[in-house]
């Protein structure tokens, strides 16, 4: 299993506020027919912060049963506490996760000095039964993991990659350039997916891939074939939708877009909300533009 | 019971990584002899983000048994999810908390628009069996609750106050000026405790009060007596220590200072660490300077 | 002449885009009848960045002729280049300025390290024929001068004070506490004028004092008499107007308010603009509220 | 003359604090033998903020005489005032500048709303006798010009391009995608030169090109030939030096690197300083690594 390609951090469907395992299964049935290389379960976009421990276990279970062996299963296992992160990572490993995505702890921002973060990841890596991917997402955590620290962490045999969602291509280049050969660098920001591939990223873990997986995969396919102009054009078509379902309308918008493309999204948990009718119209328009201009891809 | 005065957000002692209920009790025995008006249990400085559900329950239990009826007991009950916040708030109420301190949800920073935050607090207030204090702490959450929103929230009968830890006196003044009469505004940043009192705060919820409660109380006593110069001088003596145990050395530094003043602090949970010997020396010096220059207070 | 009290950084009136020396004179005639202790000429609010060298000289000339010996005349002389700052400071000295207000150079933000800024101010102080006040205004310069550096600079006999416009009362307290006895600390942010006095500021250099000088002076008078509640109440009345003519509507708003209080404001220079009719109505309301609630002051 | 390729914002040499026209000439003689497509005179790196009006005129004069007609001459003419910007732009035009680079005015950051900035650029463009390039450089100005505004400005026939130094590739992509066909988008941040070309930039205006012009040009040449891997590798070699002479050591470091590559750099004007010996050693090492790994280029 090669750690590369496009993966969505899968959304978690609720019905009447309750976890809908059935809808998760159905979403996987459709996603499995696309060019996605794998999935991130319990990521930020999976509203992991709104799930209790039991719910998390159920999501892992049903995901494990729904993901074929040919596709990668990554589970988001990062907690504020080092000890809890280790515990949940190994629980996920036991339940069949291929890799763990571990977000930087961040509540005590001022104390999260480079050495503290380094030690945290090393502790987790030492104790984890599966390979660790670092998750750097300043827009949610309020802290950034410096390329220098990532480079040192990449020397540990059980730290095998990173998802960098900073959107900073300079930083991504530096990480790729400084890290150990074979360290898997994923970009976590869809609007810079194409330039990230140009500077050497192995793939993208992209929220918008929940809704339009093949359109994301197509960018990487075009890039791999050396069709730079086409890849760039496809990126330009994807970007407006990608921004709408992240920065602009958040998870409520993402779930709405997911509903509009034949999957099940539903409502996010409060305090998040589903956006109104005008946003739905806007998303429909964005999807239409993307699909019309691109007859090549899609199931 | 008047909602005012100095309260520490109490630290949570661990021994060998495990919760030490015994040490919590002992700390309360000493704090109860000081001029503190009450306590915040499971606040940021209580490392609530590093405690699991069972541990939280135990901390509430032992605190409830240790806090006399003459002192206020506030429990930090804010979670990312509205529903979980309500659940835990009412569990705390049932266990005897006087009030709940509810932090702004913040993981999805970009989505935490004023209306979303307003609705969250209103939902919690509507369902809560005890009065709610809003907790605004941008240095940890990465978001700020605007005075305009606080003013609107203060109209709800079950939203009775705020702890504002922004350190922004302009904002604190505006909150005090715009909120309903009787709305209890606490400052959560010790270096601006005196100016906060000047602009109308009713008290302070101060990390450094874990270690030097009476020195904090003395500032408010002097202020109440109209001894402005003395209050200001006492503030200037307190500030260097207050900064050392928050911004500079974080909870590891706070727990060390607590150990140095006859309470039990111990180590924080990883990824946090206890600072080294030089920091201990620095804290000793700061405590010495504070105690020497101030013979008036202390238990 | 005691360096304290309320001073406006005076606005610079234009007519048809040209400097109006006549209107400057007329404004001074009115201001001179108020309780203002002095003036800052060619400050930020004087649109100094939009004036060429000749215009600056004229403004100094007419100001010198209009300011009585009983009031302080400070001239803003800070430039990006150390050499040019020295040249213009001494030119201003020769023309009769009592003191020079020297802003932190800031264009190359990343290079403006503490030592660079320290050396700049020392160089200027060494060569200046008049006393220097440091001007720290992060909202315009994008950099902040740390209290530690200010403390060291305060040891120089020719660096006699600071105008700190950060609005950060914690920082202001630290500056006052750490600086040499007699070092004159002015606050440059009207909404925190009262708390600044509480922590030991000697006065305020306040944009809004262009329009309502006596209302500003009244806050300090009440404070000096120990009437804390009245001072705080006056501050709360002033704040909305103060914010409107700085943060909210900028210099265009300030000049409009100046026009509404019987002085001459006129239009700012482009790219700045005079706000529209609705803003004028809003400012009228704010002035009305301020004047109504306060019958004690005004020329 | 096609507006594309690599241009340095040329440094301004001083000797004993005075402008050295002779050294400017000599630098041009060498630069003219490289693959540079043109030059920016009086840019940020030219220390324009430290030059007085007469000095600026002299720099334009000697530059005009030194730049062959086959290479582009752009002059930095942006001032805080709209009127002064127009005046200096047309003076530069009269003196032979091909284009003007106009930085966003920025002193009154809070007032620099999108409409204000739009109107400023339109006013300048309307009155200018030469084509205007917008200059967006948030690290110096503290403000960012949104892609939406740039797109609208690109509709004006006399606004022909932009230098975006934000380093934000997402923003650069959006500008390129939204602006009028033929609008020349230059990146102003060397570490993202290669990804900027990938997303459609026509060239780079790069500080480090003062010292190693051909190494910069080589990246674009390789990119144009479709040799993506080689271009990326060359970028990785250039980046450490590029960061050292901008973010890390600023203009003092840049001038030092320029001295080390056979041009004349000299000292920057105070408050800027020339870095010490260790930085010189570091820069020598960085240059050695760059030259060794790359035998293909150089004058």
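Going by the order they are written in, the chains are A, B, C and D; count residues from 1 in each one.
Following the convention adopted for this analysis, a contact is a pair of C-beta atoms (placed from the backbone, for glycine too) under 8 Å apart; a residue touches a chain by one contact, two chains touch by 3 or more.
Everything numeric here is computed off the predicted structure, so don't read it as measured data.
Peer 1: Figure out the least number of contact steps between chain B and chain D, where 1 means they touch directly.
Peer 2: Step count on the best path from chain B to chain D: 2.
Peer 1: What is the Cα-based rotation angle between copies chain B and chain C, on a 0 to 180° scale and rounded to a multiple of 5?
Peer 2: It works out to 180 degrees.
Peer 1: Copies chain A and chain B touch; is their interface built from the same residue numbers (over half shared) or different ones?
Peer 2: Mostly the same residues form this interface, as more than half of the numbers used are common to both chains.
Peer 1: On a C-alpha centroid basis, what's the spacing between chain C and chain D, in Å?
Peer 2: Computed value for the inter-centroid distance: 35 Å.
Peer 1: Please work out the Cα centroid separation of chain A and chain C, and write it as a whole number of Å.
Peer 2: Chain centroid spacing, chain A to chain C, equals 50 Å.
Peer 1: What residues in chain B touch two or more of the other chains?
Peer 2: If we look for residues of chain B contacting two or more partner chains, we find none.
Peer 1: Show me the residue ranges of chain A that touch chain B in the complex, using the header's touch definition.
Peer 2: 17, 44, 49-50, 52-53, 80-84, 105, 107-112, 116-117, 119-120, 123, 139-140, 142, 247, 250-252, 269-273
Peer 1: Chain C touches which residues of chain B in the complex?
Peer 2: Those in contact with chain C are residues 167-170, 173-174, 177, 189, 191-192, 194-195, 198-200, 226, 228, 232, 235-236, 239.
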